[in-house]
Structures are given as structure tokens and as C-alpha cells.
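Which chain is which? They are A, B, C, D, E and F, in the order written, and residues in each are numbered from 1.
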Amino acid sequence: MSQGKTPRVVAGENIGQVDATKMPRYGGISTFALLPQLAEVTQADVAIVGIPFDSGVSYRPGARFGPSHVREASRLLRPYNPATGVSPFASQQVVDAGDFAVNPFNIEEAIASIEKDHRALSEKAKRVVTIGGDHTITLPILRSLHKQHGPISVIHFDAHLDTWDSYFGADYTHGTTFRRASEEGLLDGEGCMHIGIRGPLYSAKDLVDDKAVGFQIFSSIEFQELGVQEAIKKMIARVSNRPVYISIDIDVLDPAHAPGTGTPEAGGLTSRELLAVIRATAGLNIIGADVVEVAPAYDFAQITGIAASHVLYELICALSPK
Amino acid sequence: MSQGKTPRVVAGENIGQVDATKMPRYGGISTFALLPQLAEVTQADVAIVGIPFDSGVSYRPGARFGPSHVREASRLLRPYNPATGVSPFASQQVVDAGDFAVNPFNIEEAIASIEKDHRALSEKAKRVVTIGGDHTITLPILRSLHKQHGPISVIHFDAHLDTWDSYFGADYTHGTTFRRASEEGLLDGEGCMHIGIRGPLYSAKDLVDDKAVGFQIFSSIEFQELGVQEAIKKMIARVSNRPVYISIDIDVLDPAHAPGTGTPEAGGLTSRELLAVIRATAGLNIIGADVVEVAPAYDFAQITGIAASHVLYELICALSPK
Amino acid sequence: MSQGKTPRVVAGENIGQVDATKMPRYGGISTFALLPQLAEVTQADVAIVGIPFDSGVSYRPGARFGPSHVREASRLLRPYNPATGVSPFASQQVVDAGDFAVNPFNIEEAIASIEKDHRALSEKAKRVVTIGGDHTITLPILRSLHKQHGPISVIHFDAHLDTWDSYFGADYTHGTTFRRASEEGLLDGEGCMHIGIRGPLYSAKDLVDDKAVGFQIFSSIEFQELGVQEAIKKMIARVSNRPVYISIDIDVLDPAHAPGTGTPEAGGLTSRELLAVIRATAGLNIIGADVVEVAPAYDFAQITGIAASHVLYELICALSPK
Amino acid sequence: MSQGKTPRVVAGENIGQVDATKMPRYGGISTFALLPQLAEVTQADVAIVGIPFDSGVSYRPGARFGPSHVREASRLLRPYNPATGVSPFASQQVVDAGDFAVNPFNIEEAIASIEKDHRALSEKAKRVVTIGGDHTITLPILRSLHKQHGPISVIHFDAHLDTWDSYFGADYTHGTTFRRASEEGLLDGEGCMHIGIRGPLYSAKDLVDDKAVGFQIFSSIEFQELGVQEAIKKMIARVSNRPVYISIDIDVLDPAHAPGTGTPEAGGLTSRELLAVIRATAGLNIIGADVVEVAPAYDFAQITGIAASHVLYELICALSPK
Amino acid sequence: MSQGKTPRVVAGENIGQVDATKMPRYGGISTFALLPQLAEVTQADVAIVGIPFDSGVSYRPGARFGPSHVREASRLLRPYNPATGVSPFASQQVVDAGDFAVNPFNIEEAIASIEKDHRALSEKAKRVVTIGGDHTITLPILRSLHKQHGPISVIHFDAHLDTWDSYFGADYTHGTTFRRASEEGLLDGEGCMHIGIRGPLYSAKDLVDDKAVGFQIFSSIEFQELGVQEAIKKMIARVSNRPVYISIDIDVLDPAHAPGTGTPEAGGLTSRELLAVIRATAGLNIIGADVVEVAPAYDFAQITGIAASHVLYELICALSPK
Amino acid sequence: MSQGKTPRVVAGENIGQVDATKMPRYGGISTFALLPQLAEVTQADVAIVGIPFDSGVSYRPGARFGPSHVREASRLLRPYNPATGVSPFASQQVVDAGDFAVNPFNIEEAIASIEKDHRALSEKAKRVVTIGGDHTITLPILRSLHKQHGPISVIHFDAHLDTWDSYFGADYTHGTTFRRASEEGLLDGEGCMHIGIRGPLYSAKDLVDDKAVGFQIFSSIEFQELGVQEAIKKMIARVSNRPVYISIDIDVLDPAHAPGTGTPEAGGLTSRELLAVIRATAGLNIIGADVVEVAPAYDFAQITGIAASHVLYELICALSPK
């Protein structure tokens, strides 16, 4: 390891994780799931990239440390998913592309540079999966993907709608992402869905506005009443074969399952429920995904980081060819 | 703000929260949900008051810091409840009435002063909702309410029965509240109910005594087996149109959802289950309510404080005229 | 107390917990559930013993502090179980047998001494219930019990299979326990079952190997889909009247319910689910049990310790004569 | 209390803290030191105001929660300072002026509004003492004070120089405050001093630039070698009778004494050293002061909050007439 | 160990700690320093006893868990003190006498029972060293010792004077101990001393009253200015050969060194300073000692518990014959 | 960054840290001080390497996570040291060489592989500075260095002697390192020194044995009495121009300054004292160095990690050519 030769699991042409039989999982430089960095491979199917930006938050900041925290919490991920029968790091080349360099002091410049960096990375990797950072970062990603794919269906896991208009005169914050995206024509208004919504809003108009943007809602309360399978059924019906982007605000989980986040709301999903729904996206036409709003300063014993890393793992599995 | 003019949301005659479009939610003096203090209004429908008293606890103390912790954790509460369509701070005047001054060294004096202060506050506000403090505080509240309403139906959310007789020679502790209340004739023996009970007891006689006091039980195990809707159905059948007091010991939640409490027991409710049941009390004849036993020194990232503040929010919504 | 005379609850010939009406639960030397130590009784039905050993772990260490942490977290346990109607400390003599002295620097010597100590303790107590330590300790316990009972049916609650072959050349670690046990003929291949399994594996072959060892699986996902009662039904069908050992890795719980453990995986059981299944083992022919992998340095407010102590309580109840 | 009549200590015309003989220190709405709010008095000598702004930080954010955290940690402050013989709340009217409402998404707008709010508050209170927020907030305060007092001598307690030029194209951040202040002519180049500086810099030029701005340095290492009295002597010699502003970044303390901050550096001052130097400013011509960079998410058991509140107390004492 | 035979270090007739070469320090039931319990020996020179009582506190409660926390944090203490050349467990019989059973709901009854229990224990052990609990417990100990020794010289390490008169009508709290002791004639007014005093008081009269009680003060500020040796010199001059009781409130330490306490004040002693002064009491005529106000819910990684256990160790060494 | 082109500060031929003007310090993959990895350079003057091994600990484990924790806590280190005028990353090529892969289940195999890996790394880098891991790892490093340099003078910062003989039959643990090293002839008996020693020992013989090994002691108490400069003077006199290895157990710091460690002892050094002494090693003939025993599970807000990273920074500076 110290000689620069990291022992790795290799499957065909794909370079996988650090070989856990040669290096204990707690050893070595932290990359996501101990996967190779982008510079170590010649091509990539899936690139995991961090966007350490949290200047768009309206309450607890700290998601700028999300990427390094989730990487550290992902060391235990193993290469075979028994729930789906997929070996995500063998069937495709997955890499850690490091972090985008983002200006913390200028939101609009940040958004512009994220879009540019995302487009550049998309030329090196077929699919990009992002670790936030706050939810502001999803807007430039959607812009980048829209150029390639046209109107996008978004499955949005969150306690909040994120379709607010503006806040303190700022048009671009973590609460306005999907409003802006809709206004810019990035979204497919027939194929968007919020999952896990709950908690108080500013007014009844929030729901009206949200509907206008084009979102259906499957709320956290409905998980209680109707169950996971119903959520999956509605999600698949809504999305159909549209190009779909999956955006997961970790606060969709209950604070018990994700204390380390910026705008926690009681009454959320369990990690088991969330993983089940993500797993069911495997057949969809996924064009990208993110997990955002992990704020490590509020995490304990990596409860949140582990949940986020498992969610990312299921996303990578969902992207995998069978 | 510093000029003494707090920007506030106003609905008709009702003064609401600090205006979140002018002051970020993390700014300003901590009142419950950033609502006005009692002195800032001319009349109140609902007064939220803290009772920082924990000298009645038998295990982990610290609930004396409950009121300030729950206030701080309530900053994110917003004015519209999409689950019920209620705008609780617009449809009624809700205020933060500060804390009662309670003697920590003399339980009986404390109980007497709480009753007196509760009665005085009841003259200024139609309904009083209390943040504990330990469960001892519910007895003087019931005394005060009984004077006004006669025998009271109690819906009691808790891991524990709180109908024990005495402890170390003390008749008034957080475990004896409902026994004393029953003996004093404060309770309607046909309309009381424990919800969420679980964990070991001292003896089988505890259940016999408890039944004699007049409580039905819907246990935490029954939530697993029968579900939330059954709990709601039984609760409503039990209470009917009686005047009802809702007393929520936060330890009714599983320690995962409420680590910050004094006598935690494994196997409890999720916050989603609890909120659903509270929400269903909306049609009842609620004469008062409390959330007790939040012990902040054992909380992390406000998991418990947030759960408590959402529970209080649903209680306030349940008190709201449509 | 300071005079060496601890006030105790006594039921017939059985010496029970410290009398909570005379000594507050937070007072006195920490024994499990404030039960007497082995030297204080003349015979024992159930001995609780700690095995402070964690040199077999592959990720986060710290389970060596598990026994003292679980003891401290067990102070609130009370003598009557309303869920089953059992008074476990009155119907049988339960004692705290302290900890085995185990060498932290030599796994094989540790395993040998644990087996020897377990056998010696089994001569003093009809049943031994163990607090780990890591899962390595279950192998020598099975060896000891096999000498007495022959092939053993194991109900294994865990996120992981623990039927791996070897790791870093070590045959005996916390991940190889049941593979070794099977190879040594200790297990009844028709009666073993994993409950709560989830998360990624090293390869599909892990499942093949595991099946060969003789385990059926009821996964965490199945809890979501089929429910607790189905888990219980399958467990009882599998075990029937075979001599059964119950081994509970606390990581079977979701990290929200058990952050304090060494190899946490998202998507696990709730403590309510786990307790329900344990409770249902009451009619089985239980020959021993353990709760392992509590790593206190990662626990908060005893969330994990309390869950573990309640699990132990239900195990002791399951061992109780009616 | 709940009746809106808070029991208060009164000295002459000055309204002091909540009367601790009538309300326990943990009770009541959190204001700094349980002092009255601005609206409760007719004039003020000293106004304590929070500026919940942290969008200028370059590393760990979270100081936006500083004001509410320091208020909560200040409840134990008592009215008489035996070290100096001052009764700071009796000899002058001290009030809590709440928080300025600051835009988190636009640094320049934030700076402008802080200056405006500070000027407005300065018309209501002779001296303003600020709780940050990050160090960016000191620039608009200096602008406001300069209008009234002309060039200002600054005693700056910090691990860092805060005289950097720009960062990510941003001229206004928590690291550029005194560079900008100097360029704008706000500082008296003969009377400024850094105290407690330590840790690595970007280059030797940092020191050259810093000297050009007009700062002398008394480093943390010099505290070790020369002692507190020498620091005091140099500070008083430097400042003389100039109008002086005292700006205390809590990271001047060692991380052991102030873990809850954004850019911690090992090898810092003890709280005892810091308090001694602050105490010695009593004879100076203090025109304002702040304590910044308290980031509560990284604090534990209020270690940092208590240190900050004691520092504020000594500042208020230093402002007091004898 | 599980057989009831704990391997112990024995020196002459004195039974010492669990033998660390046979049982790792983290193993076995928690007694102070892994010493034998009272019932295991025939006579005792020094008895360590816990008093889990905190109903006398005026701010953060939780010291009721102090004894079990300090026991757990004392596992690393070893048998030879190189700073003084003493082997405290070999030169004298030291035992853990468990905890006194104290009523949490009635302060006066608690005080009466502590005095009675202390007297009873004093008949079994030459010297009693106590782990609090809050500072209220020192009064009944002084009563008990006064019966045996007459007027007592007290060396009192604390941030606070603890000579207040009454609080909320309560004469007996953790802040009135030495006032009451003086009024009852228990103290030698020529031989008492506070060490480490700091922080704000209620009024200048506090110091006048305190002086009248008979205390000299060596403040925390004087540690900074005059040093440890001067503190020792003044302490020895003050006490001379009087019978002396050493009472250590752990809040004498700075919050950095003792976060886990109830009324923390910035600017305190380091643990190195405190240990040096305690060590210097070795030649005094010590008749008893206590360490109080350890509140574990506010401790982290046992920082406070370890400091307390080392302080207790030095006290036991100071009691040792050479 | 995501394109694999990390923006770096370059000085002559030396590649330095990630350019903080282009990538915020919290962004990017965690390497020590954000320095390049070994594979990114053609030659190295100083290699920082992690040894994630803690199977040699006798109390709290967890130092296996030390390397990743210290890397994460080192992000704020900047390139110029004003205390010594050194630019350590410009004047020499410093790299992060990742972690050695070490077997956690076999101490002797671990020691053998560490020695081999250290020798191999020494061929690629002139000096190797190690992040532990527990203190066991220093033995194989000394073996490797002895082959190159002959008998080695060791400056050993620690609360403990680490010259014990064996423990539980194990010759190689974190407490026996320097005994073994001496027996193997690796040490220069005239040039070794312990700095910061404190706390209880097993017996007076420990000191006799230690002296025989060849160590002088400058204790933590002597820091209080004689000061930092005296420590430095004695250290330099002892070492003179011998080849010297600097081994720093982070527990030399007081638990307030380093809670995150395995065998904490009260009364330790401050981080300011430690940094001062390390800084003074600059003129010595340093052949290698390590910082060991950082156990992140017990750290809070990176207090310990930051102290360790600053100590490493001063070591790297001490290795730098002027």
C-alpha cells in the first residue's frame, strides 16, 4: 500500500475495491467504498463525486463536510448485493472522482461551476452519482443532464418539497431547486414525484405551487398507512420509462435514522423503507442520482453516514447491468 | 429586531411566528416556535408554558432543562399543517408564556405553586399546553383543570403506567401522578387510557392497581400487531366526548426516537406512529395537554427535542378551530 | 449497603434484585439488573456472565467494554414481565457471575479459556447467558454446550452470516464462528436459522457456503414484507423441540436502535421487532444464549445498552419456568 | 413568570437579571445572563446583541447558532464580580437586544445591514457588545463605530491574523476583516494588536502584510514564555488611551477550552489566561466589543459556550463605571 | 472470575486490586480501582463509599450517577504512586463499601440517613472517602466526623464558596453546606480554606459572610499569578496539625478538564495543578475526604471521571502510612 | 478535481498541498495535510504513513482508526510555520504514503510486516513519519531504522514508560515496546528519554527496570515545576548529536487536550507545551518519528486529531532543511 500499489479486487476489465483480504477495511486512504480514484482507470461507467457546498442552507449548515464523512462511513460496503443479486463493482467500472471545487461565498458562481464540472465529468463517466453538499447542487446537475437527455423525470426523496420560490431575495437555495428547475424547463412535469414528504409548510399555497411544478406526492404518513410496496408501485407508474434522476435528501429519513442533517423533521422513513424503494428503481432509466444534506457535525457513530452510504450503494446497484 | 420590533406574521387579530422571510429561523430569542411572548398580546387562545421541574424523577434527572431545549428545537416549525389543513397560529392566538417558577427543593410546595400558576394562566389563555419537566407536574395541572371541568378523561402516552403508590415515602413523584389524581377524584374512570405502555413492571399487581384507577391499555406491542388505526379507534371509543387531557411522556417513543429522557425502555413507538395518534385527537374535547420528561443532557442533535416540538405542534393543531 | 448488607427482594429461596424501594436504581455496585453475584447464592438456575473480548473483530473494536456497559444500562429492569406474565427473578435463581478473564492478545488461547470457564460455570448454573464481547466467543460456548447436549440448533440474530471461512489467515474471528462450529460438528444442520440478515456480502458464494453450513435465512427485508409473526412462525418451525442456542448480535438492530456496535449496516430491525421474536422463544428448549457486539464507545445515552439489556431480560424470561 | 411579570433584581434605575431567588437559573426564556430585553427598558448603557451569520467562514460553519448557544450557556452568570469588585448589571443598564436579522445568502448585503442595524442600536445603547456569528461581522461594526469615533485601536484575540486579502474571489470573509478595515481607514495603525496568534500561515508574507496593516503580535507561545502579566503590559502600552474595540475570536482558546469553533488550532490559551487579559482592559477607553466564532455543533457540555459567556461578562464589567 | 474467585493482588494482610496480569483492567464488576468490596475483608483502613444523591443541586442535576461513573473510570489506576513512593493498597486495606441508600425526594431525611450511615461505616473503616453526589452530602459527613474529632479544619477545593444561606427556602442544598456546618459549630474557624474559587458571586456580601464563617481563599487567579507551590504553602500554614477534612468539588477544575459537572465556571484549575495540591496534603492529619459534583451525563470520554478517580487516588495515598 | 487534475501548490520541484485558493480545505480526498500521495511524485524526502493497528492495546482499543482520523483533522494545516520560519512542504517533498496493510489477528506477523514495509518505504523516502495505531508499531520501526542507523536515541513522549516486560504472556504489546527494543540492542542507552511521564505504576520496580533500559525521565510534574525550557534543555543535553527517533504517544497530553486515546491519565501536558518541545527538536539528527494512540471513537470535535496533526506538522518542520 505504502509502495503505491494498492491491492485491488479486479473483475474482468473493472477495477474494484481495495482487496479486503489484504488490507483491513479501516485501512487506506478514504475513497467511496474504497474504490479506485478516477485517475487510476481508463474509463468509467459510474463516477461518484462529492460536491462540498452548503451555502444554500436555511438552517443548520455543515453539509460541506458530507462527502468526506460519507466516504469514511462507506468502508464496510461489500461487493455483492444479495437483495438484488448484483455485483455492482464487477459488472461496471465504478470510481471515486473526488470533489468538485466550489466557491463557498458565491452561490451563483458555485452553481455555474458545478454545471460545468458535471458536464466535464459526464464525458468521462456514463453516469454520475453525487454526494452533497446541500440540495442547491441538484439544480446545476439537472441543467447539465437536461442538455443531454431533455426533460427529466425526478424522483425526489425528502421531508420537504424544495419547490419554494425565493428566500431572503435569493433565488438559488436548497429550498428552491425544483421550482427553478421547472421554470427552466428541465423537468418532465408528468413524471416527477416527491417521496417521504412530511412536516409543516409555510402555507396551503406551497402545495398548490408544488403541484403546478409537476410533482405527485407519496408522503411519509402514506408509508405508515399504505406501505412500501404501494410507494414503489406509484413511483414506477409515475416514472414509467422516462429518463429519471433520483435525488435523495437524507432528511427523508426520521431523525432517529439520520440525525446528521440540516433541517430535520420528526415522523420520517426508516432506513429499511428507504432502501427498499431505492432498490426498486433498478429497472428504471436512471440518468443520474444524488444523496444530499448529510451534515456530519450532527451525526453520531456514523448513523447518518452509514445510511447515506447504503443508499448510494443501492443506487449504484440500480445502475448496474445485470 | 434589535430595535425591539420583531417582524411577525399576523393573521387577522392573531400575532404569529417571527416572519421567516425577514429573520432566519436560527435567529432571535428562543420562544416556542418563535411565537410571541404572553406580554406581547392582549388575549390568548393557547398558552405554551414550561415547567422546569424534575425533582420527582426516580432515575435520570435533567428534565428541568426540557423547556429551553424544546423551545430551541422548535425553531423550524412552520405555520401550515398539510396533514390536517390547519394553520394553528393563524386560526387562534398561540403564545409562549415562559416558565413557571418552581421550587426544586420541595416537591409539595412545587405542586402547590404549579396548580396556582396554572389556574392564573388559565385565566389569560383558553387552553394551556405544558412543556415539562417531569411527570409530577401533571398532577397539579389536573387539579387546576378539575376545578373548571370536573372529572377528566386522560389519554396518557407513556412507556410506564405512572400509577404507582409511593416511592421512598414520597407520595408525589413522576411515577405516582395518576394514582394520586384518581384518589383525589380528578379522573373520569371510564375515560382514561394508556397508550404505548411496555417494559417490565414491579409486579402483576401493578396492572391490577392500574385497572382499578380506571385506565385501559393499548400497548406498544399492540402497535406492532394491530397498527396505528386500531390505536386511534380504541382511543376515540374510550374518550368519546368527555373533557380530555392529553399527557405525553416522551419516553413513549423508542430510545432511538427519544434518547433524551429519564427512564428509557426499548421497544417503543416511532415518532411517525405517535404523531399519527396525536393528530387523530383533533375532534376530541381537549382541555389541556403536556409533553414531559425531555432530558436534554441525554439528547443528541435534538432528536428528542424535535420529536417533542412536533408533538406539541400537532397538539396545538388539534386545539385549533377549523 | 455500605455495611455489606444489600437490601434484596427475595422470592421463596430465590434472591432477587436490590430492593428498589430501599435503594434507588442508580445506586449500588453495577451487577446485571442489580442481581446478586454468584458468590452470594448457593445455587443458580441462570448465570449471566460477561466475556470482555474483542480481538476477533474486523472493523470497529470496543466490545470488550460491552459487559460493564450493559450492566450499567440494565439498572432499570424490573422484576415482572407483563408481556408474558413471568417473574424471571422470582421463579428461578438468576445471578451475575462476573466476567471471564480472557487474554486479549491470543485468540486461540482466549477461545480455549472461554470454553473451559463456560464448562466450569455450567456446573454451577443450569443455564448460562453471556454478554459479549465480539461474536468469536460463541464458538467456545457452543463447544462447551455440545459436550453436554450434542448437535445444537442455533437461532442467530445478526446483520451478517458469520459463516465466512478465514480472514487474514485467522480461522477464528467474529465472522467465522458458525463455519467453524459446523465443521466441528457442533451444529444441527436441520435446525439453524439466521434472522435479520441484510447488507452487502463478499460474493454470491457466501450464500451457497452458508446454506451448506445448514442455515435458513429470514432477512430484515422479510420483516418489512412479511412481518414479525411470520418470522416467529418460521423460527419455531425450524427449531421445533431441538436443543437451541440463541445468539444475538446487537447489529441485527438498525443503527438507529443500536449505534454502539462494530459493523453497523443500515436497514435493520427495530428493537420492538427483535423483542417480539425473542419473547416467542419462550416455549423452546433453550440451552444457552448470548448478546454480543455491543461497543460502548459508539453508543449514545445507552440506546444500545438499553436495547441489549431488554433483550437479555426477555431471554431470561424465556428460560423461566412458568 | 407566566403572567408576564418576570421577577427581576433592580438596582436604582437599572433593571437586572431574573431574580435567582424566585426563579431557578435554568428557568425562563433565554436572554443573555437572564437580563431584560431591550423593549423592557427605557434606556440602555450596554446592549448585548447577537449576529447569527456564518456565511463568511472558510472551514466549519455553524456560528449562526452562536448567539442562542451563548445565551443558554450564560444562565449561571451572577451579578457581582469579585475579581474586580464590579456589579456590572447594577452600575449600568445592560440589556439583551436580541439578534440582527441578517441575509445568509448575500455577504455584502449582510455587511451593509449589520452596519445599519449597529448604528441604529448605538442610538439606543451607549455601548454595543456583540455575539457572533463569524468574524466577518466585525467589519460593519467597525464601520459603524468609525463614523462616531474616528480611527479605532483594535485588540484582537485570535489564533489567526484575519488580515488575509481575499478568498475565492470574495473580499469579505471571516479572514479578511482587518485588512478591509485598514484599507478603509477604520483602524488606528499605531494601536492595534493581535493576542494569542499561533499555528501555520499561508506564507511569510502574511506577517509582512499584517504588520503593514498596523498590528503588533503577542503570540500564544509568548504566553507560555513571558506570561499573562507581560501580555497585559504590552497590550496597555499599545493601546494607551485610544478608543479601543475588543474583538475576541473564541478560537484564541485552545481546542480543549473551546472545541466549538470553526477553525481550531492546537496550542492555544487557557480560559484563565484569556479572562485575566480581558479583565485588564477595564481602564481602557472601550467603544465596543465582540465574541465571535462559537460554533455550537462542535461544542460539548457547553465548554465553549461557558467560556464565551464568561468572556462577555468580563467585557461588560470592563465597560462598567466603578 | 465467574467461579466467584477473583484473582487479587495481596500484600501482607491487605487485599488489593484485581490482579491485572490475570484479568484485563476492563474486565470484572466495577468497584473503585477494582478493589475488594467491604464484605470481602475483615477490617478496613480506608473505605471508599458512594453517595448517589443530587437533590440539592441548583443547576444541572445528575451527580447521582457520579459513584458508578467514577468507579468505571477508575479501572486504570495502578498500585504504585511514583510521585510519592506510596503503594496505597498494599500499605493499608482499602475497600469499596458500595453506596449509601439515600432518599432522593426528601433532603432532610437524606442528610439524616447519610450521617447515620457514615457513622456506621466509620466503625468498620478508619477513614471514609466519599464519591458524591452533590455537595449537600458533606454536611452530614462533617456532623458524623465532628462527633469523633471535634471542630474540623476544611480544605475546600471548589469554584464556589458554598457558604450561601438558603435557596428557595431550603436551608440544605449544595450551596449552603459550609454555612450550616459553621452555624452548627462543626468547623474550626481558624483552619478552613477555599482553594480554586472563581467566577461571579451574588454580591460583595457573599465574601463578607464567607470570611465570617472562617474561610481563607486561594483563588484560581492566584494559581495563575503565584503558582502551585504558593497554594500548597498557604494551605499547610492554614491547616497546620488540625484534624482536616478535604472536600473537592470537581468544578474546581476548568470545564476543559471537568465538563461533567453541574455548575461549571470558566477559568479553573488544570488537573495537574489540582493533583499537585492534593499530593501535598500527605503530611496532614486527614480525617476524611470527598470528591463531589461529578455529573456523568455531561462528561465525555470520561475526562471528568478520570480526573476524579486520580484525585481520589492521591487522597488515598495521602492517607497511607509510609 | 473530478477530472483527476488536483490543483496543487508547487515550490521548485516539490509538489505541495492542494491549492487552498482553488479548492476549499474541506474538499477533496483526505490525505495528510492535503499533500500528494506517494504515487504522484517521483521522489520523497518525507513520507507520512499510517499504520492502522491496535491489537496490542491493553485497555481502550480503536487506534486502528487513527490514521484516517488524523488525516481528516489535518486539512487546516497551512504551508508556513511562523514559529520557526520553515515552509516544510516547499523545502522538501512531503507525501502521504497511505497505510501499511497489517494483520489485526496476529501481533507477531503484524510486527514483521510493519518492519518489512517500513524498510521498503525507507527506500522511497528519506524519512518516514508514522501515524499509529498503537505503540506496538514503534518496535518494528526501530528494528528497520537500526539496520540503517545503528543504536538509536529515543525521545519518548508519553504518560507511560512502555518498558514493561510482558502482559498475558504476550511479549509484544503497546506497553513493552522499549523493553523489547532495548533487549534487541536497538537503543542507545545513553541517549533515551521519557517526557511527560505521570500517573500510577505497577510497582517501584517499574522505575528500576526502566532506568536499566536506559531512559531518563522528565515528568509531567516537572513541566509544572521547572517549565518547558528546562524540558528542552534536558532533552537536547541527553540526545546531543545522536541519531534520534521521536515517538509521541498522544496520551502525553492531558485528557482535556487529548480525550481520544486508549489509556488516558489525568495531569498531563497542554498541547502548547508539547508543541514547544517538539519544535525544539529541529536541530537534532532526527531519523524518524511517530504519533500513536489516537483513538477516534473517544475524540470529540477532533480535539485529539487536531493536536496530533499539529504535532506531526512540527515534526515535519523539524525534519526540514532551513
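Heads up, the rule we're going with is that a contact is a pair of C-beta atoms (placed from the backbone, for glycine too) under 8 Å apart; a residue touches a chain by one contact, two chains touch by 3 or more.
Being a predicted model, the structure only gives us computed values, none of them experimental.
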Co-neighbours of chain C and chain F resolve to A, E
For chain B and chain E, the touch-path distance in steps comes out at 1
Across the interface between the identical copies chain D and chain F, with over half of residue numbers shared counting as same and under half as different, the residues used are different
Rounded to the nearest 5 degrees, the rotation mapping the CA atoms of chain A onto those of chain D is 180
Cα centre of chain B to Cα centre of chain C, whole Å, reads 37
In whole angstrom, the CA-centroid distance of chain A from chain F equals 38
Residue numbers in chain A touching two or more further chains are 24, 26, 58, 60, 64-65, 104, 167-168, 254, 256-257, 270, 298, 300
Chains touch in the following pairs A-B, A-C, A-D, A-F, B-C, B-D, B-E, C-E, C-F, D-E, D-F, E-F
Residue set of chain C touching chain B in the complex reads 20-21, 24-26, 75-83, 85, 87, 228-229, 254, 256-257, 270-273, 275-276, 300-303, 306-307, 309-311, 313
In the complex, chain D touches chain B at residues 1-4, 6-7, 22-24, 26-31, 37-39, 47, 49-50, 52, 64-65, 67-68, 71-72, 96-102, 104, 117, 120-121, 124
Listed in rising order, chain D residues that touch chain F in their complex are 58-60, 167-168, 198-204, 206-207, 219-221, 223-225, 254-257, 259-260, 263-268, 270, 298-300
In their shared complex, chain D is touched by residues of chain A numbered 54-58, 60-62, 64-65, 103-107, 109, 167-170, 173, 297-298
